[in-house]
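Got some structures for you, see below.
In what follows, chain A forms one complex with chain B and a second complex with chain C.
Here is the complex of A and B:
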């Protein structure tokens, strides 16, 4: 991770053209190899890609869906950036996301009865962030006080969080009027406002603003620098007299809070309710995106756009061409592999040049 | 007998030429010392032979055959064994287990064969180590012996040692010397990398001096024999530092210079910085008391480690700046914690702390800096109780700490020089206003400090980890010995530095003392402490075994007393 970060720093120097190439080459390679897989299955790859582009980007409804999909991904990315920069592996995103989604989904229909819409939405988002943050508190304390590995604890807490969410829906917050257990829905009119007459909800704007703020927090403030020192060299942070335990907990809480906010935004913007056993599992999907963007908030936006378009377009394209829905995951994995490969080759070329 | 040579080898790194057209030959049955400052290219040369780096130009030949050493394994296959500065043993395994590591993965471990080989090598090296002892139970010297065994495990052909004495006790150094000579007599080619002149004379049959990536010269065994010690010193100094040093050496030394007149062009080597080699500045005049100290040029004496006692006018009737009373710390298993440590430290004095490493020095430094909690006892600064103060509180009051772990905790290697210069001030004025970073100001002030402290770096944005050890130490000294410092604790401030930078560090310390800073200098180098300290305290098993006055009058006496305290003899 440290190495990645150094690379990110020196990287900026060699111009945007090279940076674009480093992304473009793997994309093309992934598309070509992915196409070969389709071709081997007896499908026409061009059809598939055509649908992906048409559905994900060209058609108005597809583009809107792509943007909508970006909202939770961006917020989760913001949360992961905070954690990873501080050298903390918060892999418990799914639990934090889902619990926050359930709590805000349960809260919204109740609050809307007594409060105006804006207040309801703000309170629900705050509640989501709080729940996410709370769910990271145990791993945070264990890490800060006893140095317990957070990869293990956050993953464990994630399983617990996902299960607890289901329990809450089925036992506490279920809507008696539906057959499938789910929370009471927030009426469509009361959800996050749509933007400019599209179906895209305001959560996307919130997500972009939050991500930019997080980026500025990490690069322009004392707090951000302290987190980065902690992430790069814990001993140096102790030596410099930072309150390392407190910083660790803060990083956890901030990270999980943002992921919780993602859950709330997804519910308040799109679904209005959470059904039992719903788990989009975005938490781990975003991890590679964040690393590919080298923990840079702006770069994350680009990666997320591409990724969302692929997901949205890929779902309907798979249907049309007649390959499994999950085929899009094949493409995504290929993309990740090639991105990593190009990255590696680039690094070694750089080393050779430098030598 | 083996014969390894480098022919016109060049190796570049970003921004520097680490080795520039170097040709050298290492022969079996010879201890070849590579001497040079930090950054002279010694470690690069070692890396090339050990298969960690590849040359950009030139050829490495073994027994006349050009070879490509593209991996450590290849290096071992060629019979080159390397012992690095840091020990690379697995602490939780036993000696013999460590030695059995590195075989092909499909082979079962052959313990009997390994023990046989262990016995052979133990005989060659004349050591007595229990092969079944866990590595953690061994002293550093013994661990190093195991490293040497591992390097020679395949065959006794060539052995590279990088600064092997830096962690050894005097006794350990002697044992090492004996061991190296035995290996030499068996025909092994030994390459010893060091920056310590005395070791070079003591161990070396042949000395090659590297300077800024170039081979500055070589003294072959015949010449080594024919020259007197002072002549050798003068010649090596000339090779290491160029003409200036040579001239100084001549003025100091009664012996006539063995070589022709120094080339005047040499004066332009980048040593103009505040070095002790230039004309003596008032700063260097060591004895304000008018003692008959070698006023005109302390250089040679200092460079070769000969003592020049200093005494500063310390007014002990005044209240002390720092007072520690009955300090104790809680330590982890295996750490020496403090017990009942009390002392006073006055403004303008240097209190040296001597002792064999691992007798509580680290805890002492950390507890004073606020990095470690005191279990018992009291610390007060100018009469004010600061026992509970954290690092930033104490820093605000003027307490500074230069750690010996420069990259381990002193700096963040991947961060720029500029950030590292303000690492302990994150969030405070003037660099941060309401928590917002003023990068321009940070960089501007970094440029200023880089100039003022002669930090050699391509820019203030360069990651500090890319600098040489000496320059990293300059970054730390610039950060800690600023104008607001009232008390400074320095742990091994010259450790791992070359002569040039050792001098610089000691001068900075001296200058700080003259400004009235109260300094504590922890070191394992007694000569250095005798040179710069007003008093020397000795740590033994977590206690301050005693404090010896190092005034001008007490000279040799102080050394004897300190040495006695170090062994624990006078502790009771």
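Here is the complex of A and C:
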């Protein structure tokens, strides 16, 4: 089986200025080229960017929305960091996220009847993480045992998970009092507590803490180092006497569990229910952020803030400036390509210098 | 149960299976060629989507279905050209670029559609069909299988053609070598970069054609995100087919039937939740993977850029 390598794991020695440049250049290039696309379509890019910044970062309500949006993205990023550092392509995030969201949404209104609020919320988050982890078990075992390509298996399980979530909502967990099939709603007062009198819920705090813990786990512990070795060179990990199969399964389960937690937090914090056919499809969207941050947990926080503001601003720009929100996808894609290009040019310059 | 064996149900099932299966077949065949040559083409979803958009727009403004198909194929190849430049010429990570291409063209096509048509979805006239003489008279099978757009028959012929190319030509051998041992191909005097470039362009061409078929024949209109994961299914089909075009056909037929099942069941007057039926092909693939996992096989150089003289 081919070892697929993830970009951007190289540790860079030359100073913080160069590191900042390596991130800034792709961002600026993406914004400029993206602006040119807008301009070519007859829109004023400055209006658009100005509006997005104003709406997503400057206004109080916008900023609160931006912070709220960060919670699921940060947790998914934490999950992807674990997988990518271990050299595993977990592209099944959507299924893991959605199934976990549905299960925790179905559990919450039931548990709240018998348990106090805190216990309900904790149990539902645990259930979400568990469901996400379980949904990755089959790809994990297939990869560990037989080396079956996890891109195929996680994608398959993702499609399955999305459909299964809809089946569960429509056939098992639907609320008989609503016309559109959805799970029974968790009352607003029983959801994750709001922070300091804002609309931002506590899940954001959980997400930041978890992300930092994951970062420390991956960079400061023996377990994290083992996963890194596995990701960098599978043969070396075997040679070093690691139980590679077990490590693979653990990395998978941890990754998918974190993505499941993201689903639970989004439901318990924001929606209180899951509607049929709801799928925010964050699974692939977070991938570029994680790469941009070079799999570094602290850097991810900054990029997620940037990206959440872009999403929140971009959504209302659809009405105001007449640019559909899907334009954000174009920006993210440009960002990813320029990031890879800058990295490539940097490496070939390094090689030339070494030669 | 008798309701399931009526003629309208079977005809609608077969007809729908072909309509849903052909884009998957084209995408799968295209992806297969890339993978054979050692390129994991994750951007195929973007190629299909741009093909769908370009095909629809050309068919809409030019009023010609064949121009639409051509534009779709060229559109797909144009997207493939980006992958070619970045991944094959420059050796950037194929999965990263693939994800970028898919997201970028999801955004770009919906942006272009919005600028041109705002929130309306104009519909094309029904695409012309070619009823195969004789065969189309067979009861049930005739209406279901042999009364389609000519592109359908061409794509089945393509399966045979590609089988021959892979088995009996130098081109097929070169493609395989580019994925198995690119340095050997290089030593034999064949340009690895050029071989892989050719494969990737063909992939884009076929994926774009599949997307155009979806828009022009399948739906008759363009909707943003309309390919809905068909490209990813193509990737899976190619990986499961282990280099044999005929298995892509089998897989596409399996997916096509289960995608068509829900519509056909509604024709038969039964209301089975769409989502349950939609799970079937994915579940089938997982079962196949679990059962035959030991024999899974991909080209050793898949996903690795070729740099002469390295390793």
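Definition applied: the second predicted complex is superposed on the first by the 343 of 355 C-alpha atoms of A that agree within 3 Å, B and C clash if a C-alpha of one lies under 4 Å from a C-alpha of the other, contacts with A are read in each partner's own complex, and residues count from 1 in each chain.
The criterion applied here is as follows: a residue touches a chain if its C-beta (ideal position, glycine included) is under 8 Å from a C-beta of that chain, and two chains touch if they have at least 3 such contacts.
Values in this document were obtained by computation on a predicted structure and should not be read as measured data.
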Of chain B and chain C, which one touches more residues of chain A?
C
Determine, under the contact definition given at the top, whether A:149 touches first (chain B), second (chain C), both, or neither.
second
Should A:195 be classified as contacting the first partner (chain B), the second (chain C), both, or neither?
neither
For A:287, select first, second, both or neither according to whether it touches chain B, chain C, the two together, or no partner.
second
Going by the contact rule set out at the top, does A:236 touch chain B (first), chain C (second), both, or neither?
first
Which chain A residues come up in both lists, the one for chain B and the one for chain C?
2, 5-6
Under the touch definition given earlier, write down the residues of chain C that touch chain A in their complex.
40, 42, 86, 90-93, 95-97, 99-108, 110-112, 114-115, 224, 229, 232, 235-236, 239-240, 273, 275-276, 278-279, 282-283, 285-286, 289-290, 293-294, 296, 298-304
Residue numbers on chain B that touch chain A, as the complex places them:
11-14, 54, 56, 370-371, 390-392, 395, 401, 403, 405, 408-415, 419, 423-424, 426-427, 432, 435-437, 463
Which of the residues in chain A come into contact with chain B in the complex?
2, 5-6, 9, 219-223, 225-226, 228-229, 232-233, 235-236, 238-243, 354-355
Considering the complex alone, what residue numbers of chain A touch chain C?
1-2, 4-7, 37, 41-42, 89, 138, 142, 145-149, 151-153, 155-157, 159-160, 163-164, 166-167, 170-171, 284-285, 287-288, 291, 323-324, 326-334, 336-337, 340-341, 344
